[in-house]
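Since the structure comes first, as structure tokens, the remarks are kept for the end.
Read from first to last, the chains carry the letters A, B, C, D and E; within each, the first residue is number 1.
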Amino acid sequence: MSKLKVSNLVKRFGSFTAVNKADFEVEAGTLVTLLGPSGCGKTTLLRSIAGFYCPDEGSIFFDGVKVDNIPPSRRNTSMCFQSYALFPHMSVWKNIAFGLENQKVPKAEIIERVAEVLRVVNLTGLEDRKPSQLSGGQQQRVALARALVTRPDIILFDEPLSNLDAKMRDQVRIEIRELQLSLGLTAVYVTHDQAEALSISDRIIVINEGKIQQAGAPQEIYDNPVNSFVAQFLGSANIHEGAVFEHMPDFTVIDSPLGRIRVPKNSLSPGSRVKFCWRPERTEFKIDPEHNVIKGNVIRRVFMGNLLEVFFTVNNQPVKVQAPCWIPDEKELSFSLSPESFILLKE
Amino acid sequence: MSKLKVSNLVKRFGSFTAVNKADFEVEAGTLVTLLGPSGCGKTTLLRSIAGFYCPDEGSIFFDGVKVDNIPPSRRNTSMCFQSYALFPHMSVWKNIAFGLENQKVPKAEIIERVAEVLRVVNLTGLEDRKPSQLSGGQQQRVALARALVTRPDIILFDEPLSNLDAKMRDQVRIEIRELQLSLGLTAVYVTHDQAEALSISDRIIVINEGKIQQAGAPQEIYDNPVNSFVAQFLGSANIHEGAVFEHMPDFTVIDSPLGRIRVPKNSLSPGSRVKFCWRPERTEFKIDPEHNVIKGNVIRRVFMGNLLEVFFTVNNQPVKVQAPCWIPDEKELSFSLSPESFILLKE
Amino acid sequence: MQKLKKISIVLFVVFCLIQLLWIGAPVFMAVLWSLVDVDTPWSYPDMFPKKLSFSQWSYAWNHTNLKRAMVTSYTVATLTSFFTLLISLPTSYILGRKKPRGKRFIETVLLLPIVLPGMVIALFVGRIFTSIGLVQSMGGIVLGHILLGIPYMTRLLTSSFESIPQDVLDAAQDLGTGRIRMIFKIYFPMIRLGFIAGTIFVFIKSIEEFNLSFILGLPTYETIPTMLYTYLGYNFHRTYASIISLILTVPNLIILLLIEQKIKTSLTPRSAAGKG
Amino acid sequence: MKRSRLTDYILLLPAFIYVSLFLSFTLFMMISQSFGLFSLLGETEGFTLQYWKSAMIQESFDSFFYSMKIGLVSSTLVVVIAYPIALILNQEIRGARIVGSLIKIPYFINAMVAAFLIINIIAYHGFLNQFLMFLGFIDEPLRMRNDDFGTGVIVIQVWKNIPFALLIITASIAGVSKDVIDAAKDLRAGPVRIFFSIYLPLTISGAVTAHILLFIMIFGDFAIYSVAGPIYPQSLTARMQLIVSNFLQWEEASVLATVLIISVIVVASTLTFISKKYIGIYEKVGYAEIKKD
Amino acid sequence: GGKEKKEASYDIAAMSWDEIVEQAKKEGTVTHYAWYWKEHWDKMAVDFEKAYGIKATVVVGDETSNFNKAVAEAKLAKGTIDVMNIGGKGVKIAFDENLFYGPLKDIIPNSKYLDKNLLQFQEGFVTKGYFIPQHRNQTGFAYNPDKVKNPPRTWAEFEKWIDEHPKQFGFNDPNKGGSGQSMVHTLIKQLAGGLEKYEGDVDVVESKVADWDNVWNWLKERKDKIVFTSSNADSIVRMNDGELDLIVAWDDDLLNKMKQGVIFDKVKMYIPEFGLAGGGDTFGIPNNAPHKAAAAVWINFLTDQAQQQAMSDGVGAYPARDDIKGTKTNLTTEDRKYAIPWFPACYKKYMIEQFTKQVLMSK
């Protein structure tokens, strides 16, 4: 268990900047998720922490100690590789035991710890298989087990669940989280799956094009995205621009494509342009007349199992909302949105 | 536009049966989705339709004509390959135009149709790139475009959107559906993503281990899964076993781990064992005393952005529900479930 | 990290120097020897030749078998590459694409000509050819060289054929591609590199081949290596040997450069033809 | 379906028939002639061991041991030198590509040219001697050509064959995914352990292939021996060639050729066996065996 | 294709020289296999065509492979070789395999001017006039006059010189060239009781070779003082390199190498008083030569006075004709008085084998 600090890290490949001034801390014993679209630099950041890449600028500290000159084999980190990186010539058991053997852990303990971690990832019974005899998902779980079993100061997960089906993914995710908490591991977790990020993390760091966009607790980011990228990447969001019309005691009124709407109170001068968003699930079809009531034309309804996704146009602006399955099958529908549903964006 | 009929199809690899007596029809101009976990035989079925595999038993008919002895190059199908299978030595444009050139379509029309399909998959401007210069998601869209542009009698999609991020996936899915409808293509669509299946299909065929489990319209399957596999694979489901206690005029009462609960009326004799399920999103936290009221211990709450997933134990049975974000943060909670929420399963 | 970088740079420079010496020094000596003047031999104890000229080059060119040997060598190599390609194409196609029964066995047999020592093959093939009147004919040498070229050509072509993803072929079929279009638009472009590499390889092998040419060709058909053998053996003549060595080596090095340039650049992106 | 099977087999034939006809004739003739059978030119006498007896004289043994010694020593040296170079070239060092191309040059140089080039270097009046004298290490040039041990030949073989070994070994090392090595480092494996438990088991089959091919080429060497070998003994193939061309003793040459091929098979199988054993250490020891102790 | 040229079967032995010439002109072409002097042959061929209208093609191959070719073709009714040069390596095979047509001695008019000895014996073989001499050659000691002021001429001087100059005297392995054979031959003469006793033998007589052990012991004692090189040419190259100062070499070979700039011009050559052997190369016509008449005319042409003179002037070989003298040779006629003839070929073969066994193989 170590505290991790990444300070102003820059990593370039040729002229392309893969990580741009990343600056964050991970408290000891917590799990932080790096979330972002494909190619945004998540893996690069993780590999820099593990020591495989030498940063072009900035430094990394473990418990306040600068590790920039320590080679990967002497940093006490374990990484679960996006590409698995299993040793193809070793059995599952050997693969997992490899790190413990390096640390000269007594044989009996190795046997015990490997068996335990195999249970966690649901692979008991496959000890003697070679990686080539496993399905993709099983291989991924071996990679995960291999990283978990060493109980390092800092554990790094690079999309450890991407090849599992939904059921297995839920289950293993929960096990990872429990193990991390019970062993008090400091963990950095990479994913581009927002549901996974929201459900496993103590904190989330949203990255786009190599730059950190926002960092915070899952709910905090979800409820208060700072910009439209974060709003759209974490959950769905309808984004509009408008202009401040006037300030009222409890709220501010804005002129927008949705009409004149009430949003949470702010201090912008009337007339200034604002960008704001709201989430599809905030829509109320049991209309609350106290709230902003909006009428739209239904373009398409999509059945999503537990709910409907309904696409409207409101004053020619496309808008997406979530609706319960019981809403009437009409061309024109109204719904209400509380002023608190609206979030003002910085950019 | 052709009607497709697959009749009692069996395909084995050695002693392993990948497709086991598949029997279904696809009406002309409709889109049918094959949905199932990894390795269940979806691709195998698709490749048999395209003619790459020769079935071990059973036959395939296009518009009533048996095509078993027609080679792939003479069946009027187009497939969007799971592995993309782009021609690495051709530019994006050439790749897409290749099929049209085979059909000796006039040059001017080729140019027009390729441009149109490029717009659909959002790749305009990348015509001259080689596949190796594209990201995975872009490559996948080229594969999709290549299949779409030929407007075959039957179009086969093998997980065409798996490598796209959520936003792009939504967008392209809608485009595919619109194109399929407007051109009236007969389509078979393979995916293991249930949201995708629910939102794009006219009908869904759920497959497990090579066997068709259930076929029907999306909502029909979602609302009335026949067995626990379907119930769990399409959406989430809590599954329990119980015994019929008594029949009332409007409903049946069942003894179950959740207590004595009311479920929709059925004709099973009292005392017989039943398996039933219910979906997490049917949970009501504004308790309706008319409904089944259930009390449970909260094990874990997971923040999923637009809602909470709450894990309970109810009489030591694990239960998963979806809850709005506002529910109180207490150790013990009650919720209600309407009798209609419960679905009796056949096995 | 910084220190590591420094060490690796030093290592790199040292490595390059050794490499230059390792290759450059012998070649430099050969060039010097080839430029020794006819009338001023390079004798002990001179560190360097007293006079450099091309006199020996022009003598060797005009009054030895050099011209004839070059014509023979290059003709043989061209014919060999062509016929080896012709013979290997169908076999490699089946091996690479159809995975016939006994594939491993056939591949092993095809490799045998490199596994048996060249002189052994040469002596006994020579004996067979003698009995059917094929010695001292260009045809005999070409036939022999084809034998030695087949292992390389089939290997390279087979793996090019193998590396075409089945899906891509299926996709082409699925799009209704006819047989001819299939060959010229799909197969040929996709095995192009194996095709080029194989031809170049066999060409170079043939140019360099000594044993068979020695047994089958001499004395009527002299190739560059058998000629070199004369000037290195009982007729040891450093200057001619240097000249012939350079004539034999320089084209190869140019080809090497071309391959490095061409094949490397066009090989790398190829892996991105699909996922996994 | 049936018809296409048949075409497949017909298409398969050209190269296969070509090679197998030639080689089966060669091998058949070689072996039968060593027993005095099927002489193509001279008259056939019938089965006899006479040639095996008459070929087994001291000169043949000396040639055999000479070739064996040069073959084993040179091929082993080549592999041992090429391995670390391949490992270094595999790193992402700037310029590794240039070095890689440079290092390939000797492969494109004919064996005899290579021998000649090196002879120029080690000759009495050669570069090396002049250089050493210039530096003052020696007063009088060393005689390094045609030495009895065959050091000159070994130097030439190593010079010429390193690129070939590199080609094969680099390919198999490049096949080891960088991530796998990173993973081992990440699990705190030191360089020695990485080499012996990751690189070696994953690449040994390539290295052994290279080793075997090199052994065959060097063991059957004629050209380099003739240019730079010791006055005595001759290499096995040079002796065969001599027996044939000077004395027309095809039968005795066949005996030597047969011996040569048997030795190749023996050495190749031994090397393969050793490498299999080595990989086995890492492949076999699995959970089952651990549970036993 | 065109009409096959019809060639009557004939026997040149039964024809007059004029008939042969006439027949040769009909044949119009002759193919000659040699392994040296390309430039010289080119010139000769031009002159020949001028004189007779016959095109001579000289293939400059390799001595061993020329013979392999001849052997390989021996079974055919019609071969492809009309004329072959015959040197040290070939004589034995030529006889063992019965390859050649002859005797030519009485067919070729010029043979009466040619070296009598070489017409009867070559390399210790009794050749019975089958082969027509082309040029004579002689082995001798060559030395670097800068480093060797007083080269050894008598046997005692020679032994002393070797002792005082270790690793500076060299000759080639007799397996690989004639000059080395000549040296060992001389050692046998010197240390094993002269050469007279071998005269006329066709098989090795054990008792006569008993005291050859003296020779082998003499060599073994000096193994680290004498350098064995790998060919005639290698000896010369090593002298140029400064490695050797005294070598055994062929006079014509040395001259040729001087011309080609392989060795410094200052080199001097002589025959020591204890003698060194000499001989020469000859022409032969294979039994199945397709153009025997043209072959005979070509051989006769090459042994004409003018052509022999041109050969001597051009490549420096000592002429086979007795009526002209070599002009540019390293060895004066004065020197040549120490030349000695070879002993019979069976002994030569035995000598080479024994040298390998006794000297090379001893450790």
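We adopt the following convention: a contact is a pair of C-beta atoms (placed from the backbone, for glycine too) under 8 Å apart; a residue touches a chain by one contact, two chains touch by 3 or more.
Predicted, not measured: the structure shown is a model, and the values here were computed from it.
Looking at the partners of chain B and chain D together, the chains they share are A, C.
Set against the C-alpha centre of chain A, every other chain centre is closer than that of E. Chain centre most remote from that of chain B: E (centre = mean of CA atoms).
Annotation: 25 Å between the Cα-based centres of chain A and chain B. One simple way to say how far apart two chains are is to compare their mean CA positions; for chain A and chain C this gives 55 Å. The distance from the centre of chain D to the centre of chain E, with each centre set as the mean of the Cα atoms, comes to 39 Å. Chain centres here are Cα averages; for chain C and chain D they lie 18 Å apart.
For chain C, residues that reach two or more other chains under the stated contact definition are 44, 130, 229, 233, 238. The multi-chain contact residues of chain D, meaning those touching 2 or more other chains, are 41, 124-125.
Counting partners per residue, chain B has 136 as the residues that reach two or more other chains.
Contact residues on chain C toward chain E in their complex (touch as defined above): 36-45, 56, 59, 63-65, 130, 133, 135-136, 214-215, 218-220, 222, 226, 229-230, 233-239. Of all the residues in chain D, the ones that touch chain A in their complex are 177, 179-180, 182-190, 193, 197-198, 201-202, 279, 282-283, 285-288, 290-291. Against chain A, the residues of chain B that register as touching in their complex are 37-39, 135-137, 165-167, 174, 192, 194-195, 198-199, 218-219, 222, 232, 234-236, 279-281, 300, 302-307, 309, 322.
By the touch criterion stated above, chain D contacts chain E in their complex at residues 41, 58-59, 62, 123-125, 141, 143, 146, 231-233, 245-246, 248.
In the complex of the two chains, the chain A residues touching chain D come out as 47, 50-52, 71-74, 76-79, 81, 83-94, 98-99, 102-103, 107, 111, 127-128, 130, 146, 150.
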